[in-house]
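Structures for review follow.
Look at the two complexes coming up: chain A is in both, with chain B in one and chain C in the other.
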Partner chain A sequence: MPSCDAIVIGGGINGLAAAGRLALSGAKVTLLETAPELGGMATLAHLCMGLDPRLEKSLALADHGLVWAERNVSSTALSPDGNHIVLKGAFAETVEGSLSAEDRRAWTSLRDTLLRNAALLAPFKAMPPPRLARDHGTPLLDLLRNGLALRRMGRDNLREFLRLMLINVADVLDDELADDRLKGLIAFDTVLGHHAGPRSPNSLLGLYHRISSEVNGQQGAIALPRGGVAAVIAALAGAVRARGVTIQTGARVKAITAEDDRVQSVTLESGEIFTTSLVVSALHPATTLLSLVGAPVLDTGVVRNVRNIKSRGSTAKLTLTLQGKPDFHGADLRSRLVIAPSVRAVEEAFNAVKYGAFSEAPVMELLLPQAFSTEPDLGRHTLSALVQFAPHDLRMGWVKGKPAFLKAIMKQLEHFAPGIGKQVIAADLLTPHDIAQHFGAPGGQWHHAELSVEQMLFLRPGVGLAQYATPVRGLYLASAAMHPGGGVNGSAGWNAAGHALAKGGAA
Partner chain B sequence: MSRYDAIVAGGGHNGLVTACYLARAGLKTLVVEKNDWVGGAAVSRSLHPGFTYSNCSYVSSLLRPEIMRELELPKHGLQILPYEGGAVFMKGGGYLAMYRDHEANRREFARFSPRDAESYDRYSRDVLRHCRFIRPLLLRTPPDPTSFRPRDLSELAFLGRKLFAMPEKDIYAMIRFWTMSISDFLDEYFETPVIKAYLAVSAIIGTALGPMSPGSAYVLLHHYMGDVDGNIGAWGFARGGMGSITQALMASFKAAGGEVRTGSGIEKILVRNGRTTGVALANGDEFTAPLVISNMDVKRTFLKHVEERDLPPAFVKSVKRFKIRGSSGKVNIALDALPRFPALPDDSPCIRGDMHFTDSIERLELAYDDWKAGHFSRDPFLDMMIPTTTDPTMTPPGKHFMSCFVQYAPPKIEGRDWTDADRDAFGQTVLNQIEEYSPGFKKLVLHAEVRTPRELEAEVGLTEGNIFQGELTFDQLLFNRPVPGYAQYRSPIEGLWMCGSSTHPGGGVMGAPGRNAAAEILRSLKKPAAMGEAYAVL
Partner chain C sequence: MKNAQLHFRQPLQTTPFHAHTSAANKLNAWAPWAGYTTALNFGDETMEYTALRNQAGLYDLSPMVKYEISGPDAVRYLSRLTLRDVAKLAPGHVHYTAWCDDEGKLIDDGTLFHLPDGRFRLCCQERHLPWLMDSAIGFDVRVRDESEAVAALSLQGPCAYAVLARAGFADAKSLKPFQLAEYRLGKSGKVMISRTGFTADLGYELWTSPDKALELWDVLMEKGALHGLRPIGTTALNMARIEAGFMIANMDFVSATTALRPDRTRSPFDMALDWMIDFNKGPFNGRAALKREREAASTQWAFVGLDIDGNVEAEHALVYDNKKHEVGHITAALWSPTTKRNIALAMLRRPYHAEKSGNLWVEIYALRELEYHKLMVKAAVVPRQFFNPARRRATPPGMM
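Now for the complex of A and B:
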């Protein structure tokens, strides 16, 4: 019976990050991944919107082959008549194209406010969520320091910060800007990956979540690694292996066994058993606690809180293989192309999922990786699209629904790139339901648990579970469902491992 | 030109509440009202011979008991009659009955789902706990979290102590409740669509939110935190219509020596050197006073009746972006006889309560989607009541008055103003919905008054027809209400105060903004003793 200091379950970015941090502390770590490949849901992403710098530095990802093909991918708000605007620099520092002088001024000012407010939230992402109770190990000093930062921003800015904390992005955009293309794009970025429309109260937090992250020290940047997001995973895997982590793929965990509320072992489907006193699971908390540990081991309140975790995925992934380069009315293809013509278009696309239907006019983000490559053009192009909105549980059923949804997406694409339909050689659509099946993420939700206020910070993913620890001693949660949420950044895994170590880990 | 100590601009219930307290503290106080009657949106109007209409607000629960007792409103004729539960009529002929008795409701829920019946206890307990926390905050001025003044700090400390006095898991439960959508919240308790639909409506009444909008659960609390005779969450009719509340307030005000002028509204709030000097009316009259208290909403007050040059630009910007989109309308009907609803047994007490026809959260949300798109709902939500089943004083014997609160109705139709044709179509939609569940209903209609946000704005002066004088979302609650930095009833102009529902804690014929404003004003005059401490603690 093999034994090790720590077992990490799940080889996505958070599992790898957790394994790396545990290994850095000198622990003998084994990482178990069900699939034959590492990466988990990070393989769905085609861009990097924030990579935890602690991870990148401590594990020296650059030494393990992480190179950036583009440190600042621009965003193009596509217009069906070719009148696009292009947002360049980190979080749209400059805007190219026909935009009124008034909107340019207003955008500069709004951008400053949003970046300033988001930056204040960043330090909270690097610490475990505080508990709202005395004498519970809340890092009061950190809290105080972060609180003082709020006070230091000046009274007017603080008031604006508080006003914008729980507001919807649609109202903010309507208050400040006039241009539908710019507003549509920001609204789309705000709700990308979330189960929310721009008009849903509190939606602005989705944007804060994204632009409080950084890549290469640039807040709010979108970057493309050479070789795609897979290259981040490869570098991370290389780095953790170099630090002694044993990685087993194709190893599906069947059970986590506890005795006297303390972790004892991990059993694989194959029957193999690892004895260990520390398990860090990067699987969805519901999978970890209800399927692997089992409800009988837990208390009623815990089970209820886990069952109440909301995980509605509403983003689909489409990969098209095209004969030749598509033409989006002359848009520069070396850019992230966004179809979100107005705030209303994004909101109406969201309406559908409330009733278990997919959007007939979906909004989406497109990327042609070859446009960033120096390789010669061989005539075939891949178009990767993140499409919103589609529900996990389609009322008409996905068997009938999938071709219908693909048709709706193609119709929308045709509107912006006439003739693209004829270029399609192959289409691979992953609905939220497919994503849930492939990656074992209930609901197929990007952040595992929806990133909404009632599932944030000390409420993430549910009451009593926010500090990475579980009622089973030695078992920690490290998935994107944990604070500070998902994205290809590894923060949740890094925090979880850090917290496990601080708590004495296996001891 | 007459001189007063204080002038209240607008004779709605909050204006009258403020005026009462000021008059009782010995200030020579004048209330100015543009209509020929006082009451604002709490009025009884005679619009059809022999019939009294509560044509705006139609039920009462939130009016603070402190105000009722301190201003001796029962002595001045106010009587609140609690009403029996209600019913939701379902597509296909069924119905869900609601009673005033928890156990009866439990049995009714069990008819649909034993699990829901079981959850109902837990649900009621949890919601009551949240009410218990918020009720004492209603009559307190929100502290300014950016201030280091002793009063703000001690008030913040009070809130902190109150919060941390709760068990840790209750704190989390409360924060979740405050930020969730009512739909998600109810999903944690119930499985039956019609039960969820009944419970969800309190979370959307008067707001530009759908039941699936985060933050809507808080609005539910806003409708649950009242009481009738100490019965938390109960609602009642004001005998003689909602105008009885404001008539009692006016009587109380006059008994304290106050003066009321109706028939001409404020044209300008006069400002000299950064402080107010009084008001000029539309009819040319001018009155001077060192204190002017506006009962009008914050947009109307500062964008229409104060010169922009007298205000700081940042304040004007904040007021301009204050969200006050109307979401509801009203259809008031004089009936020849009591309508029959075949789904209800003939002797059902439910006809004395609030009746709805929206039997699922999805239908409610779809109605909201219409609003977002700039239309009135094709399948609207109706909160329908027949107050005359409880209070026969409002109509001739045997006849009835029916009040239909209708949601959703946008302030503008696809960006343009409402027309009379739109209004009539809106009214027809409502009558058709009732007819569907009560065949022959339309033949009973003697007169119907249809009010869209346009009519609410024109008559009552509620900007965009928003019944809460401003939406109840977190960016506009507590220290953000109405705008950051001015949540303590003061305005940037010295001597000019706000007391309407645009201020904390918002609307709903509560009177709390009016009382809180009076408390702040008297404190600034060093007369805090003129007001008692709030005591409504559970």
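Now for the complex of A and C:
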């Protein structure tokens, strides 16, 4: 029976980040991943926003092959008539194209406000969330320091910060801007990956989450690693291996066994048993606690809280193989292409999922990785698309619904790139239901637990589970469902491992 | 009722015995209990109490909340739900139990029946279906609210067995306390009889289907007449339960599911129910919290009996140390006619229940012709079972 200091379950970015941090402390770590490949849900992403600098530096990812193909990917708000605008620099520092002088001024001012407010929230992401209850190790000093930063911003800015805190993004955009393309793109970015429309309450928090992080020291930037997000995973895997982590792929965990409320062992489907006193699971908390530990071992209140975690995924992933380059009315393909013609279009696309339907006119983000490559054009191009919105549970059922949804997406694409349908050689669509099945993430939600205000900070992912620890001593949660949420950043995993170490690991 | 949406027009249901209880209720003294109309008293409440303690009383128990638990995992499920080890509860037996939330605070107490066919019946004061259903996640069990499907009577008092024997249930003689068995009722009916009750005296509870309810009532009342059997209401029963020292959720402690103030919940240690806790049976709700409480000896309250000077009932009175320092309150009080003592159940802050219990005083507001007279009366901590006769346990039972 093999034994090790720590077992990490799940080889996605958070599992790898947790394994890395544990290994840095000198622990003998084994990482178990069900799939034959590492990466988990990060393989769905095609861009990188806010790779946690702590793990990038501590694990020296650059030494393990992480190279940025583009540190500042521009965004193009596509227009069906070719009248695109291109947003360049981190979080649209400049806008190219036909935008009114008024909107340019207004955007500069709004951008400053949003970045300033988001920056104030960034430090909260790097610490365990505070708890309201006493005696839970709330990091009071950090909290005080971050709170003081709020105080120091001055009365007017603080008032503005508080006014915008729980507002919806549509109201902010309608207040400040006139251009539908710009507003549509910001609205799209705000709700990308979330189960929310621009007019959903508190939707602006989604944007804050997105632009509070940084890549290469640039807040709000979008970066493309050379080789795509897979290269980040490969570098991370190389880095943790170099620090002694044993990685087993194709190793599906069947059970986490606890005795007397303390972790004892991890059993694989194959029957192999690892004895350990520290388990860090990057799987969805419901999978970890209800399936692997088992509801009967836990108190009913915990079971209730875990089952109440909202995990509605509403983003689909489409990969098209195209014959030749697509033409979006002349748009520069070395850019993130966004189809989100207006706030209203994004909101209406979201309306569908409320009623168990997919959007007939979906909004989406498109990326052609080859456009960023210096390799010769061999004629075939891959178009990677994140498409919103589609529900996990489609009323008509996904067997019938999937071809219909693909048709709706292609119709929308055709509108912006006439003739693209004829270029398609292969189409691979992953609905939220497919994503849930494929990655074992209930609901197929990107952040495992929806990142909405009632599931943030000390309420993330649910009551009583906020600080990575579980009722089973020695078992910690490192999933995207944990604070500060998902994305290709590894922050939740890094925080979880840090918290486990601070708590004495298995003790 | 034809239209379920019009349920509000009849806020209280009637029990399967209502045709008889309403005919017997000369004073029309009714009170709601768990959504049912129930008799407070039928005539003179003192006579009903006297019958209960000296002859026998018949009490309509139907509104009691009842859950049926069945399925392959029923034992494991109930052991996780409640404090005791249900694997030790054989078919044909009943045990008194309680259950807690994650924080180890009491949700309710009740009786768990292991029926001869393997099913379980959990009887309690409050409704808990959502908690029971959520607790069933991960178990192969079926939980059903059978409150409306079972009609029940409580037959209590020194003549209880004599009435049973005369009514055709002489075989119940072999039942020891906390045992149960099934008997025939008339030609086609069945009745389950358990030697259980809420009076600390010889007594039985009889369980049957609603369509046999009136037949069961008739045969008991007819055969019991010579033994002085009377229908009794909740007032008389409550007097008996205070003498017995039994607690009721939301009267003697606030259920953790309904408590709003964080300091109102009570643990089994607070309520002197810690004898139930089986820490070695495996996981159960509140185990970690209760272990912490035990190890830290952090229990704050003690549920005790008080013997109070004088004869003025101390309902809801505050309890003081040295007449000055407030140390607790009374949850139920009674001038006990049987024991001839002024008794109470009280919640005291530790250690005023034991080491520092020597100087306790109770502040009673006695209402005398529209004016309160404030009395400060000496009290002593005593065992909660004020009334505990040997006949309660005797098997075979007495034939008074």
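Keep in mind that, in the parts below, the second predicted complex is superposed on the first by the 505 of 507 C-alpha atoms of A that agree within 3 Å, B and C clash if a C-alpha of one lies under 4 Å from a C-alpha of the other, contacts with A are read in each partner's own complex, and residues count from 1 in each chain.
Throughout what follows, a residue touches a chain if its C-beta (ideal position, glycine included) is under 8 Å from a C-beta of that chain, and two chains touch if they have at least 3 such contacts.
Please read all numbers here as calculations on a predicted model, not as lab measurements.
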Which touches a greater number of chain A residues, chain B or chain C? B
Please indicate which partner A:R159 is in contact with in the superposed arrangement: first for chain B, second for chain C, both, or neither. first
Quick check for you: in the superposed arrangement, does A:N202 touch first (chain B), second (chain C), both or neither? first
Have a look at where A:V303 lands relative to chain B and chain C in the superposition and call it first, second, both or neither. second
I'd like to know which partner A:L292 touches here: chain B for first, chain C for second, both or neither. neither
In the overlay, answer first, second, both or neither for which of chain B and chain C A:P471 touches. second
Check whether A:L59 is in contact with chain B, with chain C, with both or with neither, and answer first, second, both or neither. neither
Show which residues of chain A both chain B and chain C reach, each in its own complex. 301, 464
Contacts from chain C onto chain A in the complex sit at residues 76-77, 80-81, 101-103, 131, 134-135, 137-139, 283, 285-288
Across the complex, what residues on chain B touch chain A? 145-146, 163-164, 168-169, 171-173, 175-176, 179-180, 184, 188, 209, 212-216, 314, 321, 323, 362, 365-366, 369, 372-373, 473-475, 479-480, 484-485
Mind listing the chain A positions that touch chain C in their complex? 261, 290, 294-304, 307, 464, 471
Write out the stretch or stretches of chain A touching chain B in their complex. 131-134, 136, 155-156, 158-160, 162-168, 171, 175, 196, 199-202, 301, 308, 310, 347-348, 351, 354-355, 452-454, 458-459, 463-464
